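Got some structures for you, see below.
What follows is chain A paired twice: with chain B in the first complex and chain C in the second.
Now for the complex of A and B:
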């Protein structure tokens, strides 16, 4: 048997962003031993990039807010494809989870009464996002990290999981290697929590870092768990477009929440031109009303820049395609215009959006207090993910739990900004709690040594192949370009069919990739391993997007541009067939309980 | 398109040398882009840590022409590209491979600092009240992205290797964030003096200069902590009082 060490825990958590940390904390609280595995150093996960805030109906700024409004907003944003139980729990529990962060040392911005301040965001009826300037994610991950390190959790940093281990159908461990030395580790556990985040690296223009290669999605899929809603990939409307090397880096929605407006090259505020029926009653009639809303006027409706992300992104694409884009292929996002309204605009912008100010100053030589930014859509988030039970977060594979971005259901067809950070803490907690219960009940499973041997051999194969193969970097690059072109923000049947063929070819190329050097901290090798996961999630996205013959939420098809009511009551489920091929099926959404149904009706 | 000559330090556990690479670069590119281009085209196994590529995660710390900086926030057009550009790992930490160092001492140092301990909630619903003015300073410290560039440049760690005696600027900023947190009730003054070596800092302010978040580390964090230690342990009036009223820190420790 190839050399490896074996480490035992009751619960292992894979991924140490907000969801993974919260799950690990909760499991440790239950008195079980917890191992936390992360691909990077602790505290570097993508949660640090979240800017705008965490959505919770604390009602500190507008006392009309409550969980029922938050629930209705989340369902409307998700076009009613959401797992309604998750949307309910999320709306109910988010305030407690946010207050809990404060009890662990988080320092949110304050209202004049000394409470946690909340800001406006797209799709949220009332100011709901607790925030710290525009670095809320950093505050959250640091608070969780600093709390977690005193809970007796074993942290395994810079360790990548290659495959999950099973005892029959039950998931009971993981095979991993440490990036520093390339040594293999078998983690044996009673339960496994996946909290690996997203899939952004399947696309060329993305706000995600190298880590977001769909690892959790692919690990779960290969371990027999189902995925859902994979056609729904969120393209955030505002990423940087220039300089080219930083294209895709996020420009927070908070810019629009603080009054930033979108204009085309003709100076026109184009978001007023196309307001969807679902939001007609909630959107400002004119620019003056929009400004009053941003200023906190409770009788004003929100400006169209704060419509849902899917819609704003498509409007931007329309402007660019029709020749009204900015010089570098985006549109203008202007916060500097506040100087017309506020005497201390420069100082105000720097205080509310400090990291945006620095980001543009340092990366693009642009002073956002004086001139507009150029922005365009960037791959940001996957609504789809591992199918889980709303209460326990257990996947369809026993013993395997998932929380955060890699889990699917909460956001339906489109996620509202701010609902991701709250997702992490609400369902991270639940996943940790229920994983601990499962582990206590079932104990550890048996490890299949032959499988471990085979998988180590497979992981090392890029070193053993004959010379002449390509590097994994090249194949990954081509995959990203292909997905961006064919399964991006505007989709058609023919392009997506082409993507399926192209993926088969890329898979063959990936199987011949070679890696120079040795196993010690070798990014070429790491990319070769991540590539397999990316190919799996890319296929799941493409197949689901072909299957859904309508446009809804983040999924927009030029050849089927309208919403089709027949698709409004079903999700797409992806699973691995007995022959190893990807299976897709439609599944009706369970009937909404009357109590929740009436909330939606009432808030329409 | 311009061409840059890059001298990148390559090797393992401290053994190695600068290797020369030539790489094309376009306007707006940062040093990390150049490293990635070299990785994709010439040296697939070139080891470098990075994540967000937007100056928010603090992973890609290294030394560019000898200056501790984030690779992702250093634009090529801010450096003289007529000369070869050197890129090497942080010098204050044990070397692993190429540009990657072992920064685990930082995680141990942080764990040694007493955690946040809030006062009782102010409101019946279990929440607290704090004014924005009272949290501004703590929020400055909490901007820290843990890039450890301040640790790298600090001569107590870099030249004198006193990692066991001195927690370093990052962890003094962390301690200050806790000590000045309006809700915190813990007292870390004795630890600062005895375990964390705040006295070893001789306020040369090198840490403040390299901080990519522009935190005024020395003036706002370290000096006030030094003052607390002085007030507590060296102030003659306080010393006199302590004879009659022993301090809680000196009983336990």
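Now for the complex of A and C:
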């Protein structure tokens, strides 16, 4: 058998962002041995980039808030395709998890009474996002990292997982290699938690970091687990569009939460032009009322800039398409206008949005307290993911758990801002807890040595191919362009059908990719391995998007621009067929319990 | 570790405004093929379009796609570490023209405005080199552990609604909480030296960032219960008295954390604790 080392743990957690760290901490608390595997340096995972805050109905700022309102907001945002059990648990447990984070040392901005301050965000009825300036993600990762390194968890940094290992149907380990030397490691475990984040690198313009190549989605799919809701990819309305070296980098929704407004090249606040029926009663009638809302007036309704992300992104695309865009192909986001309203506007903006101020100053030479930003949509988040049980976070493959962005269900057709950070800590904890229980009950599974041998050979195949093939990097680049063009923010049947053909060709090219050199420090090889995962998730997204013949939430089809009630009660499930081909099927959403149904009715 | 995660097309010749002025910037990069291997320099020429916001990382991505030196030789792609590319994660710390900093926020138009300008890149010198610009920063986590930079609260602790905290306390803690474990303060510190052997880390200077984190935790409403334990560490070998007051740390911190103030505050706290121990014997 090819050379490898073997490492034993009770639970292994793959991914060390917010969900992975929280899962590892929880599993370690219950006394099992935990291995935490991450592709990069500890503390640098994508969670660090989250800005606006973590949603939890603490009701510190508005005492009308409670879990029921948060639940109803999450379901409305998700167009009722959510896993309602997850939405319920999330709304109920988020305040506890936020308080816990604080007790572990996290700093949050405070109210005048010394409680955790909460801010407004799109789709949330009341100010709900606990935050620290606009760098809440760093605070979360630093706190969890500080806590985790004291738990006796073995951290395996700069390690990439190639495939999951199974004993029968049960997942009981992972085959991985260290990125430094390319040496293979077999991790044997009683249970595996995936917390690998998203898929942003399947698209050209994205706010996601280089690590976001859909690893967990593809690992789970290949291990026999089902994926759900993959057609729903969130394009955040405000990414930087200029300069090109930073195109796609996120501009937090917090800018709009603090009073930032969107304007087109004619100076018009175009968001007032199109307000969806579902939100008519909650949206301000005029600019003056919108301003009162961001100032904290409880009787005012929110400005249309704070409508859900899918809608704001489409309005921006409309303005750009109709020729009212900014010079570099975006629209204007203006926070500098606060100087008309506040005497200390400059100081206020720097205090409330320090990272945004810093980001534009450092990366674009723009002072946001003086001039507007240019922004446009950027691939931000995938609502779809590994199908899990709401209570335990176990996937449809026994022993395999998933939490955070790589798990699907909580957000339905569209995620509300702030619900992702709370997702990480609520379901990270649950996944860690239940993975530990599973591992204690079942013990370690048997490793299939023949499979390990085959998979090592497969992973090394880019070195063995005849010369003359292209680099994996080129194929990844073309995949990103193709997905951006054909399965992006505005979709049509013909373009997506083209995408399916194009994916087949890209897959063939990927199979012929070569990586010169050897296994040591070989980034071309790493890209070749990531590429397989990206192709799998790209296909899942394209196939699901073709199948759903309507527009809903983040999934917008120009050829089917309306919501179709017939699609309102079903999810799309992706699985790997016996022949290795991707299968897709519709599945009805289980009936909502009366208690939850009445909450939704009441809050409509 | 990354080399080809290109986000940008800055340097790939994508058309932009016609007026953009093209120039060439030479990168001199200190290469090293592995731990304890000799270092050598290689030069690469990178075309830059003025006003397109190219930064050191986007240029490294260009070099990774086309690893050919300025004198036309093919070479191994340069290896470096990066993450967020928006100066919030701290992964891409390196020495740019002799100055330690985040390379993602180092704009070429500022650093090398003229045709033919040179930018030199070196790995941090206070951590073992893994390869090229990529260093092993495990010791930073070790030092955080050493100083108990956490609070030992588990799921059984009754938190209630959480502690209240004054705005003033929050403000003091806020700035220390912006630390992203990037390592700049340690690179600049004359007292923090490269220590290859992990067994010797416990006697070596903990460094400004760890002292800052002790300050952060010792002000925390619940974590201050263990303040004494943390001060104990800072009173021991490699603690706060090892600081030579060069004040370099505060000058290079990309988050402008008042590190020297943190060291001074912890210095006072350890003195108070020592005096108290002298009289009470506790």
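Assume the second predicted complex is superposed on the first by the 604 of 604 C-alpha atoms of A that agree within 3 Å, B and C clash if a C-alpha of one lies under 4 Å from a C-alpha of the other, contacts with A are read in each partner's own complex, and residues count from 1 in each chain.
Heads up, the rule we're going with is that contacts are C-beta pairs under 8 Å (C-beta built on N, C-alpha and C of every residue); 3 or more make two chains touch, one makes a residue touch a chain.
Worth saying up front: this structure is predicted, and the values here are computed from it rather than measured.
Annotation: superposed three-chain arrangement on chain A; chain B versus chain C shows a clash. Once chain A of one complex is fitted onto chain A of the other, the partner contacts of A:556 are absent, as it touches neither chain B nor chain C.
Legend: residue contacts after superposition of the two complexes on their common chain; A:515 is shown touching chain B, with no touch to chain C.
Residue contacts after overlaying the shared chain place A:115 against chain B and chain C alike.
Once the two complexes are laid over each other on the shared chain, residue contacts for A:245 go to chain B and to chain C alike.
In the overlay built on the shared chain, the residue A:80 is in contact with neither chain B nor chain C. Judged by the touch definition given at the top, the superposed model places A:149 against both chain B and chain C. Of the two partner chains, neither chain B nor chain C is touched by A:184. By the touch criterion defined above, A:29 lies against chain C but remains apart from chain B after alignment on the C-alpha atoms of chain A. 40-46, 48-49, 99, 102-105, 107, 109-110, 113-116, 132-133, 135, 138-139, 142, 146-147, 149-150, 180, 209-211, 242-246, 249-250, 355, 358-359, 362-364, 473, 477, 517, 520-521, 523-524, 527 are the residues of chain A that lie in the contact sets of both chain B and chain C, per the superposition on chain A.
Chain contact summary for the complex, chain B toward chain A: residues 12, 26-30, 33, 39-40, 44-59, 73, 75, 96-98, 100, 103-104, 107, 110-111, 115-116, 118, 121, 126-132, 135, 138-139, 142-146, 178, 181, 183-184.
By the touch criterion stated above, chain A contacts chain C in their complex at residues 26, 29, 40-46, 48-49, 96, 99-100, 102-110, 112-116, 132-133, 135, 137-139, 142, 145-147, 149-150, 158, 179-180, 201, 206, 209-211, 242-250, 355, 358-359, 362-365, 473, 477, 517, 520-521, 523-524, 527. In the complex of the two chains, the chain A residues touching chain B come out as 40-46, 48-49, 99, 102-105, 107, 109-110, 113-117, 132-133, 135, 138-139, 142, 146-147, 149-150, 155, 157, 180, 209-211, 242-246, 249-250, 354-355, 358-359, 362-364, 471-474, 477, 515-518, 520-525, 527. Every residue of chain C that touches chain A in the complex is listed here, in rising order: 1-10, 14, 16, 34, 51-55, 58, 64-65, 76-77, 79, 81-91, 104-105, 107, 109, 130-131, 137, 141, 144-145, 148-155, 157, 159-167, 170, 173-174, 177-181, 213, 216-217, 220, 222-223.
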